[in-house]
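Structure, as structure tokens:
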Amino acid sequence: MSDEIQVDVQYIDDKTAIIHLEGDVTTFSEKDINDAYKAASDNDNSNIIFNFRENDYINSAGIAILIGVVTEARKQNQRLIMAIPSSHFQKIFRMVGLTQYADIYSSLEEAKAQI
Amino acid sequence: MSDEIQVDVQYIDDKTAIIHLEGDVTTFSEKDINDAYKAASDNDNSNIIFNFRENDYINSAGIAILIGVVTEARKQNQRLIMAIPSSHFQKIFRMVGLTQYADIYSSLEEAKAQI
Amino acid sequence: MKPPHTRRVVELKIPNELGYEKIARETVGTVAKRLGFDDERIADIKLAIAEACTNAISYGSQTDTRTKIIVVLTADEEKLEILVKDPGFGDSPPPTEVTVPDIHKMVEGKAKLGGMGLYIIQELVDKAEFIQSGDDNGNQFHMVIYRMNDEDIEFNAAKST
Amino acid sequence: MKPPHTRRVVELKIPNELGYEKIARETVGTVAKRLGFDDERIADIKLAIAEACTNAISYGSQTDTRTKIIVVLTADEEKLEILVKDPGFGDSPPPTEVTVPDIHKMVEGKAKLGGMGLYIIQELVDKAEFIQSGDDNGNQFHMVIYRMNDEDIEFNAAKST
């Protein structure tokens, strides 16, 4: 089921990397997301943008993966920014408190404008 | 279920109308499609283009509606052109012989270039 | 023979009401995707099951929407099998032969519009037939879609000779 | 009380294997759309059923994939009810209370990652609870989603007082 998510890392300047996610953020995407986060952190990037799509899907196991990322990013003093067009997604992130550990915007453009 | 299809008629010149379809072509869309075909025929249009989308769906009841349109178009000496991006759709149209009564193209651009 | 636990079975019961075949279509779409069928084949399978369910709803049942259509999807390494069961309350038994629709006759008004569902199903899947049901009087329509593509099958056939 | 035939029941059986909850998610998505729920509410319902099925697969069953999870969707004019049944073969009975997850403790390593499924479900649907099962030992998780939106309910409540 790991082909249900596509994860790509894009380096936009020497301080910022974008992790583009498309698909289902569930147990099955744990390795892909953690690998992408490691790759994005490798260059000493201090800003990491997660770019979700309108039609992406996330469940509680996917949320747990992101809390793991948040935990690691705090240790590394990174700033996490999330572009989340789906209002359903945003609601879930608020519900579990993820919004307290990452800046949330509705589009990649807005997210990029913050750095 | 009739909200599962959206049908719009666009008049592009005094001889040609485009019927844009988006959604499910089934029993539930019979009235919408027949109404659109009548509207498209009203202006004495001699070319009628059906514009389907990649993700549209059609079943045998939907095919029957289109055969009804073909029957009427023959009486009115209209030329039927269909823009069908989905190869699955094109296969079904070939299977039942609809391709013998309408010119089929893979995109609206190609379809419009024929008139 | 594969051991039984490599089989996966999904069962669905839908009300006998036109429109609910869409649920069977989405369900088989999810299963077929999981099995690794490509998009074109998934579209074929979705249409085949929708046609079979539409028939089960239209011809195999009475208008009581409490009556159920049962769809059973069975997947193993080799194939996806689809069984569509209706209560068999229709006016007539299902046909034993599929007639090829004649669009020219329909366009000329010499044949009635329709009668294409079973033909389309037969063209889209590897096997399609009504089978004798057990104790009850219902109809069972059985379809098989092999997971290998044609080239694999030819390849294997060549090897085994 | 509505007459019984205005109810529509869809039943689904899926193998007890992680990933198959996706079928329940797609199925309820199709049903909810048919019932006229808006996209946001449909996303909520799909997530709630997926979480319930994931729990049924993870905690209510053994690893034998022949065991089935049963999902029953019942719709009437007023509400959509969802029942997720597992065989109850897990190590422990389902919890009677839902704990609110504490993300701060998780981030500080003082609580283990997870334990959010039941909480999310509870926030997304109008009613969610494990109910006593009948003769067998299975667990039944019951959810209710009302078809009216909050404004309608307030409006009607105001009218009836």
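Observations on the model:
Labels for the chains are A, B, C and D, by order of writing; each one numbers its residues from 1.
Note that in this section contacts are C-beta pairs under 8 Å (C-beta built on N, C-alpha and C of every residue); 3 or more make two chains touch, one makes a residue touch a chain.
Keep in mind that what you see is a predicted model, and the values were worked out from it rather than measured.
Shared contact partners of subunit B and subunit C are absent. Among the remaining chains, the Cα-based centre furthest from that of subunit C is the centre of A. For the pair subunit A and subunit D, the distance between C-alpha centroids works out to 27 Å. Subunit A and subunit B have CA centres that are 43 Å apart. Here the spacing of subunit A and subunit C, counted between their Cα centres, is 41 Å. Contacts with at least two other chains are made by residues 19, 22, 34 of subunit C.
Among all residues of subunit B, those that touch two or more other chains are 1.
The touch graph of these protein chains is an open line.
Every pair of chains that touch is listed here: A-D, B-C, C-D. By the touch criterion given at the top, residues 1, 24, 27-28, 57, 59-61, 63-64, 67-68, 70-71, 74, 86-88, 92, 95-98, 100-101 of subunit B touch subunit C in their complex. Every residue of subunit D that touches subunit C in the complex is listed here, in rising order: 4-5, 8-15, 17, 19-20, 22-23, 26-27, 29-31, 34, 64-66, 68. Taken together, the subunit C residues at the contact with subunit B in this complex read 18-19, 22, 40, 43-44, 46-47, 50-51, 54, 101, 103-104, 106-107, 109, 113-114, 116-117, 119-120, 123.
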